[in-house]
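Structure first, commentary second.
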Amino acid sequence: MKKSERYVSTGITGFDKLFQHGIPKASSVIVAGGTGSGKTNFCMQILAHHASQGKPCYFMGFEESEERLIEHMENFGWNPQKLIKSGNLKIKRFLTSEIYYYDRKRGSDIQAMMTKEIDPLLMELEPLSLADNVGFKPDFIVLDSLTAISSTFRGKEQSYRFYVERLFRFFEKIGSTTFLITETQQIPEIFSPTGVEEFLADGVIAIYNVRRGNIRKTAIEVLKMRGEKHQKKIVAMEVTDKGVKVYPNKEVFSR
Amino acid sequence: MKKSERYVSTGITGFDKLFQHGIPKASSVIVAGGTGSGKTNFCMQILAHHASQGKPCYFMGFEESEERLIEHMENFGWNPQKLIKSGNLKIKRFLTSEIYYYDRKRGSDIQAMMTKEIDPLLMELEPLSLADNVGFKPDFIVLDSLTAISSTFRGKEQSYRFYVERLFRFFEKIGSTTFLITETQQIPEIFSPTGVEEFLADGVIAIYNVRRGNIRKTAIEVLKMRGEKHQKKIVAMEVTDKGVKVYPNKEVFSR
Amino acid sequence: MKKSERYVSTGITGFDKLFQHGIPKASSVIVAGGTGSGKTNFCMQILAHHASQGKPCYFMGFEESEERLIEHMENFGWNPQKLIKSGNLKIKRFLTSEIYYYDRKRGSDIQAMMTKEIDPLLMELEPLSLADNVGFKPDFIVLDSLTAISSTFRGKEQSYRFYVERLFRFFEKIGSTTFLITETQQIPEIFSPTGVEEFLADGVIAIYNVRRGNIRKTAIEVLKMRGEKHQKKIVAMEVTDKGVKVYPNKEVFSR
Amino acid sequence: MKKSERYVSTGITGFDKLFQHGIPKASSVIVAGGTGSGKTNFCMQILAHHASQGKPCYFMGFEESEERLIEHMENFGWNPQKLIKSGNLKIKRFLTSEIYYYDRKRGSDIQAMMTKEIDPLLMELEPLSLADNVGFKPDFIVLDSLTAISSTFRGKEQSYRFYVERLFRFFEKIGSTTFLITETQQIPEIFSPTGVEEFLADGVIAIYNVRRGNIRKTAIEVLKMRGEKHQKKIVAMEVTDKGVKVYPNKEVFSR
Amino acid sequence: MKKSERYVSTGITGFDKLFQHGIPKASSVIVAGGTGSGKTNFCMQILAHHASQGKPCYFMGFEESEERLIEHMENFGWNPQKLIKSGNLKIKRFLTSEIYYYDRKRGSDIQAMMTKEIDPLLMELEPLSLADNVGFKPDFIVLDSLTAISSTFRGKEQSYRFYVERLFRFFEKIGSTTFLITETQQIPEIFSPTGVEEFLADGVIAIYNVRRGNIRKTAIEVLKMRGEKHQKKIVAMEVTDKGVKVYPNKEVFSR
Amino acid sequence: MKKSERYVSTGITGFDKLFQHGIPKASSVIVAGGTGSGKTNFCMQILAHHASQGKPCYFMGFEESEERLIEHMENFGWNPQKLIKSGNLKIKRFLTSEIYYYDRKRGSDIQAMMTKEIDPLLMELEPLSLADNVGFKPDFIVLDSLTAISSTFRGKEQSYRFYVERLFRFFEKIGSTTFLITETQQIPEIFSPTGVEEFLADGVIAIYNVRRGNIRKTAIEVLKMRGEKHQKKIVAMEVTDKGVKVYPNKEVFSR
């Protein structure tokens, strides 16, 4: 495999310049940020970019309805209807409880997968019934959000720990490049629901929503990307009429 | 649908100027602030504005009595009696336990809705017995407060997580533009009871009650509004004899 | 009702100037402050003022003995004995457990009122057996302190939430103007035991016990007063030989 | 009773000058400070002062042995042996579990006193079997420490709340002036084990162990004293060869 | 044994200069740092260095796949395939649950080892079934990460305490020099999952990921190394194309 | 007993100058510090000093092996082998679970000692089976660490409270001067595992590991020493080739 084939771009103006080559294919990347920071737009734009180039892309959400998401994409001029019709973009919203409870269709036992006395054989079970829902093996997945999944495990931290480990291995096994959105405070210091997921992930991208006097500025940083050299700085980001733009030479923090 | 029909104004002087078009119709918007910051006045004024234009509006509260709320509206000169008589404004106060316990009238089982072994069919149940109480489909709803609801779920965080997800989907389904008040510290950093609701909501408006030396100043910020471009700054707000006023060009934080 | 009849003064020099008219009658007002900040003196002085004008006043405490409280009033020259004899002032100390456990005299079941499977009918029960103890309907009540009551519910947060909601409605129903003392840190940031009560209350008055170098200064602020316009600043307060004095034009925080 | 008979001095040089008259007789006073701040010396000196003037004094400790305490008093030149022989000073060390478990000698049931379904009659039980141990009604009591007692109630916060309320009432009933030592951080912000005791107490004296560069300085403040006017400042304190000295005009905090 | 034989180098340019002799052989060394700080690269480089000199080395991971780890090593030009073929480097990834649950192959009972009523005989059991998996006694072990192991014990803190004590003794017994990665915040203040492991370890190396304005800088410090004198300062570290480099004379913190 | 016989020195250059006479014999002294601060070296040096003068000394550890500890002492030139052969120094490592579980040899029931329904008679039991292990009554004991013991009581805080009280009384009874190491953060603010032990102890010595820019400096302070006057300042400490040195006139904190 040629070096250029081992990396993917995001298609986000300015952002790809933060990497030497790009994001290593099949990486699991956490995208962390506060409410209103533009995490979903950021990830959706990556999918639109790749779907328009003929790659199968899958958006798995727990928050906004499919209709609303499509509306937002239209506002940015990304032609979602065309991408969906072409079969390259699939958008689906779930209920968090669908993750947690018995998966009737597939006959498997997700709840068993999360019990303490777990059988090593259960390891083979897929933590997300992906195949049924999509009908294709996606090259790119966005999961909006990992925090929504983790919230269904309240009071069952040990089960969640085992679950999340298998979730990352599952993405690894199917070979998709995956973006996992996590919901943090406006200036994230811990980048994932329990602080453990950020170590399991191959990459961590943090979006900051910084107050400067009476103005709020958005900034982005590649905090970690395994197997790839990247710039170690925090740079300006903006959500414009055409989508997200990153300014790799513009600073945000005054000190 | 024309673009102008897809957005609603608030009718609050100065505040609507923070948006390019307005608040997207049918959005769920969190209004977060500390005690005495003017959250209820802010939301009530939006209802008075739309009710006076013939739109059905519904205020669901857990705190002040209907009489008191009407008195406050009279003080601001909003003619609540006329709005109520016209059938466009409905104000009702609940007990938080009415949310939590068995709903006798409708024969449904809200408590079942919150149990762990939840049946997907129960998803169809309405988390608020809205229809019975109003007699009309409101275009605008104010819920005062989401924090009051969440407090009834103490020690049952997982149930609350499922409940709140369905509550947001319920508002989505009926198509009302909804304002959910959340009770925070004087300078909010987390904008909702468990920090999860702010990610489920389409919009977050934060009201700050800032101490400057010996003076307390109020400020407001649109932190997030899905599907709409808005100004990213914190501006002055005041509660005057005529109601809430926002000064989109007046700064509050000195740095 | 004339406007002037809809508000009450406190009779505390300087403090009433912070309001446009006064405290709306029948309000529930939280008075928050640290140990030694003068909360009890502040509230007792309001009672003494109104009792001396022939209004029935009731002090419900959990801390100091009746004898001691009367002694302090005498020190300030408020003639407590005369006020008590006239029947306008009643002072009574309870044990916190009297709130919590079975109320034998009245035959009602307060504990049932706090159980989870609460019956809507129980809503009618009075959370405080007020009538038995006083023999009159007080115009003014001081509860010293709400924190003492909340502490009896440790580990039963959900029950407390239901209880406190009904407590506020009870005060609302009997129409007394009520001052609920809450015990906070020296510079309060949360103004009530669980942070929820301050949203249920109609008003919040905060007393600050600020260290300036080696000196401790006391300051007071009206943080919230529903249905009334008030000054939004923090001003000096002092406990003198004659009682509490507030200096509405004297600043305490240097920045 | 003459005014001068209603107050007691501490006999500590400089400290009594912080009060207008002194500490009101029969008060319960919390003495709060960090490890090594001199709390025990401070309280023991008060007892030595009054015992040498013929008043019955009682030191109830949970930490140092009687021998050690006597040794320290000798070091300061307070003649403990003579005071003990005269019958005016009694020093006794307990095990914390003696507080908590069944009191065999008296036949009473302390544990019952702490159960949830408490009977109002039990209110009459004495929370400390004082009489048996002393043989006299002390005018002054030092309890070293309230924190030691509270630590035996770990995980039983509600029981402790009821216990501590009755403890303060017990001291009130027997009419002793009581000093209750509490163990805090070096610069106390909360002055008692659960933050509740400081509101039940009549007085709070805080000892600060402040680091100034590489030097540690001790300071003292009367934070609260019900029924008595006191200076509101933080002043220097020192433990010398002759005991504790307070400098009412010497400042410690530079700002 | 000669002095030079009692210590090992790391082979990391600049880092070995922080020690007088090196790391004492058979030490257990914690390597603490935030996500993206380069902990795994740092440790892998030590293994590559020693494996290339003919020492048996073992990498035990819970996060990245073997393939990915090998890929990263190739990127740095460390010839992993050759080292593995030579039998000197072994890389193996586990599931955290394999640590926690019954070890079928060896017939031992790891779960029993962790129960409360532990039998002293069980102390002899090996907490990691090392021998089976490697086929050689490693001179160097990297465990990536100790945090992953600790996370499997959520809610069983006492068991973990006993487990981790035996884990350290196990490494001590087999005489390997062991590097245990711990996952911390970006600027670690506690260096291990429960704050206890750092006291059991012989050495603690902390990696800091410091934000300076808009730039992120990496720094490293030897915080502790039992039985060896080391420099007590924080110096710059960089991950270059050739691997980790440490600059023992370059400062990072401005003050 | 002569005054000079009532105190002991530590033998650590510079440190003894912080006291008027020395540490009162038979004191229990907490030595608190972060990882790598030199707590164990500090205490071991005291034992070496006294053992070389013919006093029986006992090191009870839970962390490093006996061999390693002896090695470190050799590095400092303290002749551990000679001291051990003379019978004056005994070093022994325990497993924390040996503290917690049934003590077979002595036939006593340590676990019973820690149960809630404790019998006062059990108070007589020795919390450490010291005699069996040493064969002599030590004049000096080092316990490395009290934190290790406390960690075995996780989730049994009340039992620990009773245990630790008896542990201090046990050391008091046998009359040894005891140094109890506690493991804290790098700049300790709480000096013992639960914050209670520091009040039970007769003395508290705190070791600070302070970062000054890019350099780490060590400092030491006597925070408390009952029955002895000591300097109240924080002074420099260093671990040299010959052991610990304290510089009583060298400052570390710049302000």
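Observations on the structure shown:
We call the chains A, B, C, D, E and F, going by the order they appear; numbering starts again at 1 in every chain.
Simple rule for what comes next: a residue touches a chain if its C-beta (ideal position, glycine included) is under 8 Å from a C-beta of that chain, and two chains touch if they have at least 3 such contacts.
Just so it is clear, the model here is predicted, and its values are computed rather than measured.
Counting hops only between chains that touch, chain D reaches chain E in a minimum of 2. Superposing chain A on chain E by their CA atoms means rotating through 60 degrees, a value rounded to the nearest 5. As for how the two copies chain B and chain C face one another, under half of their interface residue numbers coincide. Each chain's centre was taken as the mean of its CA atoms, and the one lying most distant from chain A is D. Between the CA-based centres of chain A and chain D the separation comes to 59 Å, rounded to the whole angstrom. The mean-CA centres of chain A and chain F are about 51 angstrom from one another, to the nearest whole unit. The geometric centre of chain A is 30 Å away from that of chain B, both derived from CA atoms. Order of chains round the ring, counted from chain E and going first to chain F: E, F, D, C, B, A. Looking at the complex, you find that chain C touches chain D at residues 35-36, 62-65, 68, 71-72, 75, 95-98, 101, 145, 147-148, 151-155, 183, 185-186, 209, 211, 213-218, 239, 241.
Across the interface of their complex, chain C is touched by residues 117-118, 120, 123, 157-158, 161-162, 165-166, 172, 189-191, 195-196, 198-202, 204, 219, 221, 223-227, 229, 232-235, 251-255 of chain D.
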